[in-house]
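Just passing along the structure, written as structure tokens.
Here the chain labels run A, B, C and D in written order, and each chain numbers its own residues starting at 1.
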Amino acid sequence: MEGLFDYAPAIALFPLVAFVVALAFGNSLPKKGAIPGILATGGSLLLSIAMLAAVASGEVYHETLYEWAIGDAVSDTGVDGVEFTFGILIDPLSALMLVIVSLIAFLVHVFSLGYMNAEGETGLPRYYAGLGLFTFSMLAFVYADNLLMAFMFFELVGLCSFLLIGFWFRTRSAPSAAKKAFLVTRFGDYFFLIGVVAIAATFGTLQFAGDDSFVAAAETAIADGTTLFGFAPETWVTITGLLVLGGVVGKSAQFPLHTWLPDAMEGPTTVSALIHAATMVAAGVYLVARMFGYYALSPTALAIIAFVGGFTALFAATMGVVKDDIKQVLAYSTISQYGYMMLGLGVGGYVAGVFHLMNHAFFKALLFLGAGSVIVLMHHEQDMWKMGGLKEKAPVTYWTFLAGALALAGIIPFSGFWSKDEILYDALIVGLEEPIILAAYAMGLVAVFFTGFYTFRMVFLTFHGEPRSEAAEDPHPVGWSIKAPLIVLGVLALVAGVANLAPVAKLAQLDITFLESWLDGEFGAIEGLTYGAYGELLAYETSYIGTESTTVLIAAGVSLLLAFSGAGVAWTLYNVPEPVEHKERLGSIGKTVEDNYYQDEYQVWLAEGLTLPLSRAADRFDQTVVDGVVNGVSTASLFGSDRMKRLQTGIVTNYAALLVTGFIALLLVLGILGGWF
Amino acid sequence: MTVPIEYYVLLSMALFCIGLFGILTRRNALMFLMSVELMLNAANINLIAFAFYHGNLTGQVFALFTMALAAAEVAVGLGIILVLYRNFRDVDVTVPTTMRW
Amino acid sequence: MMIETLIAVALIGALVTFVAPNRIAGKLAFLISLVPAGLSLWMFATFDGRGNALLEGDLAFESRLEWIQLGAYDISWFVGLDGISMPLVVLTTILVTLAIVSSWTPIDDRESQFYGLVLFIEANLIGVFAALDFFVWFIFWEAVLIPMYLLIGIWGGPRRKYAAIKFFVYTNVASLVMFGAVIALVFGLGDAVTSFALPEITAAMLDGGPDGFFGVAGPTLASAVFVATFVGFAVKVPVVPFHTWLPDAHVEAPTPASVLLAGVLLKMGTYALLRFNFTMFPTEIVEPFVVPIAVVAVISVIYGAMLALAQTDLKRIVAYSSVSSMGYVILGLIAYTHFGVGGATFQMVSHGLISGLMFMAVGVIYNATHTRMVTDMSGMADRMPIAVGIFVAGSFGYMGLPLMSGFAAEYFIFFGSFGADFPYAPVFTALAMFGIVVVAGYLLYAMQRAIFGPYSLETDYEVSRAPLHDVAPMFVLLGLIIVLGVAPELIFEMIHDAVDPIVDGGEL
Amino acid sequence: MAFVELPEWAALAPVLILAGTALALFVFDSVNPHSTNRAVLAGTSAVGSLAALGVAVWFTAAGVGAPGMDGFGVIELFDGQIVVDQMALFFIIVVTVVTALVVVASYDYMEGHAYQAEYYSLVMLAATGMATMATANSLVTIFIALELASLPSYALVAILKDNRGSVEAGLKYFLLGALSSAIFVYGISLVYGATGFLQLDAIAAELEALAAGDGGDFGGLLGLGILMLIGGFAFKTASVPFHFWAPEAYEGAPAPISAFLSSASKAAGFVIAFRVFTTAFPVDVTGQLIGVDWTLAFVILAVVTMTVGNFAAATQENVKRMLAYSSIGHAGYVLIGLAGLGAGSELVMGAAMMHLLVYGFMNTGAFLFVGLAEHWGVGRTFEDYNGLSRQAPIACAALAVFMFSLAGVPPFGGFWSKYFLFTGALEAGLLVVAVALVVNSALSLYYYARLVKAVWIEDPIVERDGLTQPTGLYAAIVVAAVMTVVLLPGFGPIADAALEAAAVVIA
């Protein structure tokens, strides 16, 4: 098995090659570069699975492969010299994520054949190049073994997101959305970069794993109580942790930096499925999981993560309720779901968070691709009010979509239920001790209801009832390349939950929580990067309502109840032949919600209402005052020159007079100084 | 019978100032020339007086040089005044002001 | 004699081109400029310098011979390269070659004179980076002004005369101030120095420093000189508030001149700051000024970026963003850490490449559209995908996208200054870093308006794809940018080696 | 070496050659008057001045007037009325260089002029006078030499008898010249009165004695005398307030004559100033007697002169007049050489001498370009010069060289001398002067660049057809330009010579 890991770099490099090929020769290739993309991602997928198997067999891989920059720098903890390197870290977490990413990337590539090529899009090489570059960056990010490398590829996926959102650059909206996406995430990354720099300057290392990792360094610092940059070590760890969290909030579209994600739906649906649902948005959450040991050192940071997560989950879910565009609904549900993951990680539910990350990747990719196929069916119509009755006309799309919906809504036994329930359970048991976490839990719980509601509102409006447009009357047929990925993902959405049937395990005392033991390194892991290790670091108290099993039952029961009720309300309102809008019933609240709580407004105001005028003012200041001084000097001297030359009157007698005057003046000066008179 | 040196100096200074005054006030080129002559001669008075005072002949000799050069200067000057008259039909030194500023 | 050869080739080439017939001038200049480029690359490959040129360290390609005996001091032809100047020389030669190629299209009048002047600039720029005697250095430093004045003045835009004279006089006054200051310093040092060789002056400064002049005490004199030289160089860099000549010069200058102006001429200022203010002066002199300079640097970054945001002329945008980027360099220099100073030097090279690329891209767009106003055009990506693609790539380089040189430079600087020992270093760093958001803001805003969206163009010109010789130089630059971004050690190693003595000599 | 056999008076060879040439021209003129054989006339004068130049250079190289074993020591003639030392030779070189350039250029400029022989002989006479000024070592010889230089100059300025400008220029030059020489002579008389001597070393000795003794009762008289002498020099060097003749004289005179006056005559004026104030009036001694350091006067003059000159030049429309003012400004720069003497270092005065030499090339060249323009008849203002580079790139390149060199921008000779002056000013601690220098050279940069802009950047306002390439003018201009450039790398010997010479006279 050893030799196998030497091929690890290839996982990321295959797509890079595909990127280059597509960019260079795309136009002359059949399928405009799809083929290399599919081959590359397929290769990555196989290798990733091999890695997964290797890890399962107890191997792990942590190797520094390339020295990016080396130099002397005395860190605040006294480490002398610092190396910024590229390295690969393959442990249970990253191996799992590699498989998820490469799998979905592969499926999306396949789907694109039907979605993009079939539609005769122009600029396909650009599209596939973008996908390739993204897959490369994402995979590299996933198995990055240090924070700087992670940051670099974190930024690169941002670039790809920009390029792919702006794929239809000839429109006005797409470039604007792309700009917004990049800027908002960049704002988060600004804090992330400060965090990276700060951590590097503090501990002199950016390694995730091993004894020379900054996590370990932070532990020792806290143990010895060394002052870091004039702060107590805990405080400093919290500060730096939160700085890094800035990037996470941006990428994973958490409140208040979530505003870019809905706009990002301007991109092709495939892109939304791959980047803005399953993988890139997951990068933030994944990063938290990746350096969970660091956050575990700072309860404050964790609490903030949990609260932000819970709030976002609810906040976004409510907005999803009133959207008419099928992709918008999915976008907000994505934000909300990542809120859950943050909540899970925030309460120390490392396994739960990762579990939901995995499930969500499957079912949300499924939903987006489903939506994509719906859009194909509907001749690029996205308004759900114009759909309806697609159930019979597109059974595959319908059933797979339904599977995804059930998973999303968290209906037992679909995958979503298990992970979401576990998150809520973890939140609950901690929340019983920590009021703030309890609040987060409450929000998460309420969000379950809304999730159920908007999910089924979407399903019913799209597939049930009577067709509400001629497009819906005779939908455009979809090919195998669209159906196949849907089926694969549909199955996964149904069964993925098996990976970690925690409630069952707890109730039946069975040891069937594979994922937990997987992440706990029972198959093999890097020392310190295991669920157990994190658990020791965590400062959380937990308690139960009655016994553990009662708590499990209560938690599961409540969330299920809410999910069903949400779905039920949707059923009553929209599962009718001629559904009608019910927004007006919400009144002013509905308006507010529809306008996304004016989140975009104030952010746009910050950019265009505040910064732009400010810059214009600065420009005016620069032109008038700063430059004015410069020009003023020259004007003044030229004026002086004009006066000076008037001395030369042209009349020789004046010259004689002036000459004598000047001479006498000189005489007076010297004479008085010399006392001649 | 020795007159104190100061008187000579005062005399020459007076002469010098008269010449200067002439230059500043007279507009006729010839008058200008004459005033210059006055100034030069003021210098000569000094030279001779001081030669007497110091008891060496250097000053007197130099006075001769001065006179000679003064003559030469006048010669050139008259020439210039001639062409001046030819071009400007006037010997008023304040007339030619084609070049100024 | 390698450096002499470089300069000689450029000078003779300049003369030859100047008298060559117009139609072959461009190609001829290109061929000539290949010689210095190749030579300097070879020198880069065989570079064996160690340490810093002004402090302990042995130079590569050193040569020194007596020139003028000025009273007690002798002025000698003294040149040599260390890890700081070597990359800059290579940058110069390569940029000149590329600039020449990129001017084949836009320059269609008095070509021979144009290319002659470009080669003349090259000679002087090499000299500036190689010279180690104050007077020699100053000669090259000043001589750059003449060709640049003419390039802007003759081949520039509508307000070229104003811009040219402003550039000429403004920067020259600054040099005079700086010159006076340095001379005063040398006299202040008294018998400690017997020549204007920079290493000697540095040595004298670092042990004991000046013993007073003009009746002012030594330390006071040193501080005054520090301020004067800083201001003198700040104009060239340029640092806010001495920057106003830059946008005018850039906007009016023809593309190749802008490329050289932003690519290399600005680096002269930062290079001089590094050599003089931050190498010559002992720490105790510099210390009181560090925080003020940090403030200035942060202001340059943010204020410059804000100005760029307000512009609608693509060239003005890039010009102001240069002000912003130079602010980073200043920040890195005052950090007095390996990564700070090294990163600053790295940024000089990196920004040289990136801004050069940006100006070329803008130039190519201008050649096709005859406008640079983002308000006049839209959806250019539709008509000239390649040129615009490179523009986008360059913009992301400017934004500090990882795996491009800009990120490496900025990261080094930030890391270096964050850990620096001057007060509130982390705060200043964090403030300056906000520049990376604003830069993204104005570049993306400009892209959104000019490059994306439905195609439209105010000026009625038939926009066609750019010819190969317009695009090729940009590809070369882009390649270099990515190479340096992926493997910064290529030059950072030697830079680092040359920076060591500075930092160890004066750990703040 | 073979040189030693020559008699002592042979040290005057350069001057004698010049005088001989002048006389030869007179003879030629009287043999066949109204001859317009320009080739012969210009040729003779050129040969004469070049011969003088050659001899002077040879002497310098051989070490005439240089103390020490390799030199022959300072050679004094006629009991010190005349002295031949390094400084004398240095300035003879300056004068002869300028003369050579001017006469070569005049070959074309004076084409078709009535008084060829007179013109050249007057030029040579003036040159003789200037060369003599360089060697004069007594107030008598100085005065005579001064007049010998001045009188022909008056005539030369006014030689275009039917050109109102020329005549007006001559008149103004003459009148102010007469006034100044009167003041000068009066000054001499006062100095004589105070000391009783006219020979410079004797004066110095007397002053020493007086200072050692009761200090004499003529302090004020002496001071006034010195001041009047300064007036005389100020006139010759066109320094404020005796500069008023310069703009008109340079503008009205034939361009070569303007070049001649503004370069050679100025240099000659400075050499006598240097000589008198270094030899006759040692700073400290004189200071004791007159109660004030006379360098102060030069500090004031320097600052005022450079300021007036540059400021007035900045907004001129007429190129020649701009150059005239700029030459006033440069007089101000050179005055630093005297202002800095207080420090007792030869650097600053040496720098001044270097500047005068370089100036002899670049300024002459600039005026000769104006002569070329007048020869072409393109007009006199900046606008008229617009776009000349398209027809005459070579001449315009030369002009650019002159302008940038005058502005002190490398890589041209002007850079060294100007920045050495700056250095010297700082060494002498003249902070005020240094600041003034910075301000002024900024301004000068503006107007010099303006001329470059006119010929290179601006587009012609009128369409001209091709311009002729007069051999003489072109030769002179190109030589001047080449020299200006060559002087950058080849500045070493000049700096050595100047500094050595300065050291000798100061010691």
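Convention: contacts are C-beta pairs under 8 Å (C-beta built on N, C-alpha and C of every residue); 3 or more make two chains touch, one makes a residue touch a chain.
Treat the numbers as computed from the prediction; the structure is a model and nothing was measured.
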So using the touch definition from the top, which pair is joined by more C-beta contacts, C-D or A-B? C-D
Of all the chains shown, whose C-alpha centre falls nearest the centre of every protein C-alpha atom combined? C
Per the C-alpha means, the centres of chain C and chain D lie apart by a whole-Å value of 42
Using CA atom averages as chain centres, what separation in Å is found between chain A and chain B? 98
Using mean C-alpha positions as chain centres, tell me how far chain B is from chain D in Å, no decimals. 26
Per the centroid of Cα atoms for each chain, what is the distance between chain B and chain C, given in Å? 64
Would you give the residues of chain A that are in contact with at least 2 other chains, written as numbers and ranges? 634, 645, 648, 650, 652, 656
Could you check chain D for residues that touch two or more other chains and list them? 171-172, 175, 179, 183, 247-248, 446
Provide the list of chain B residues touching at least two other chains, using ranges where the numbers run on. 23, 93, 96-99
Would you please name all pairs of chains that touch? A-B, A-C, A-D, B-D, C-D
Quick check on the complex: what are the chain B residues that touch chain D? 5, 9, 12, 16, 19, 23, 29, 32-33, 36, 39-40, 42-44, 46-47, 49-51, 53-54, 56, 58-59, 61-62, 65-66, 69, 72-73, 76-77, 79-81, 83-84, 86-88, 93, 96-99
Which residues, counting only chain D, touch chain A once they are in their complex? 171-172, 175-176, 179-180, 183, 219-220, 223-224, 227, 230-231, 240-242, 244-245, 247-248, 290-292, 294, 296-297, 300-301, 308, 311-316, 325, 443, 446
Considering only the defined contacts, which chain C positions touch chain D in the complex? 66-71, 113, 135, 138-140, 142-143, 145-146, 149-150, 153-154, 160-161, 164-165, 168-169, 172-173, 176-177, 179-180, 183-184, 187, 213-214
Touching chain D in the complex: which residues of chain A? 634, 637-638, 640-642, 644-645, 647-648, 650, 652, 655-656, 658-659, 661-663, 666-667, 669-671, 673-677
In their shared complex, at which residues does chain D touch chain C? 345-347, 350, 393, 400, 404, 409-411, 415-416, 419-420, 422-423, 426-427, 429, 431, 434, 437-438, 441-442, 445-446, 449-450, 452-453, 456-458, 488, 491-492, 495-496, 499
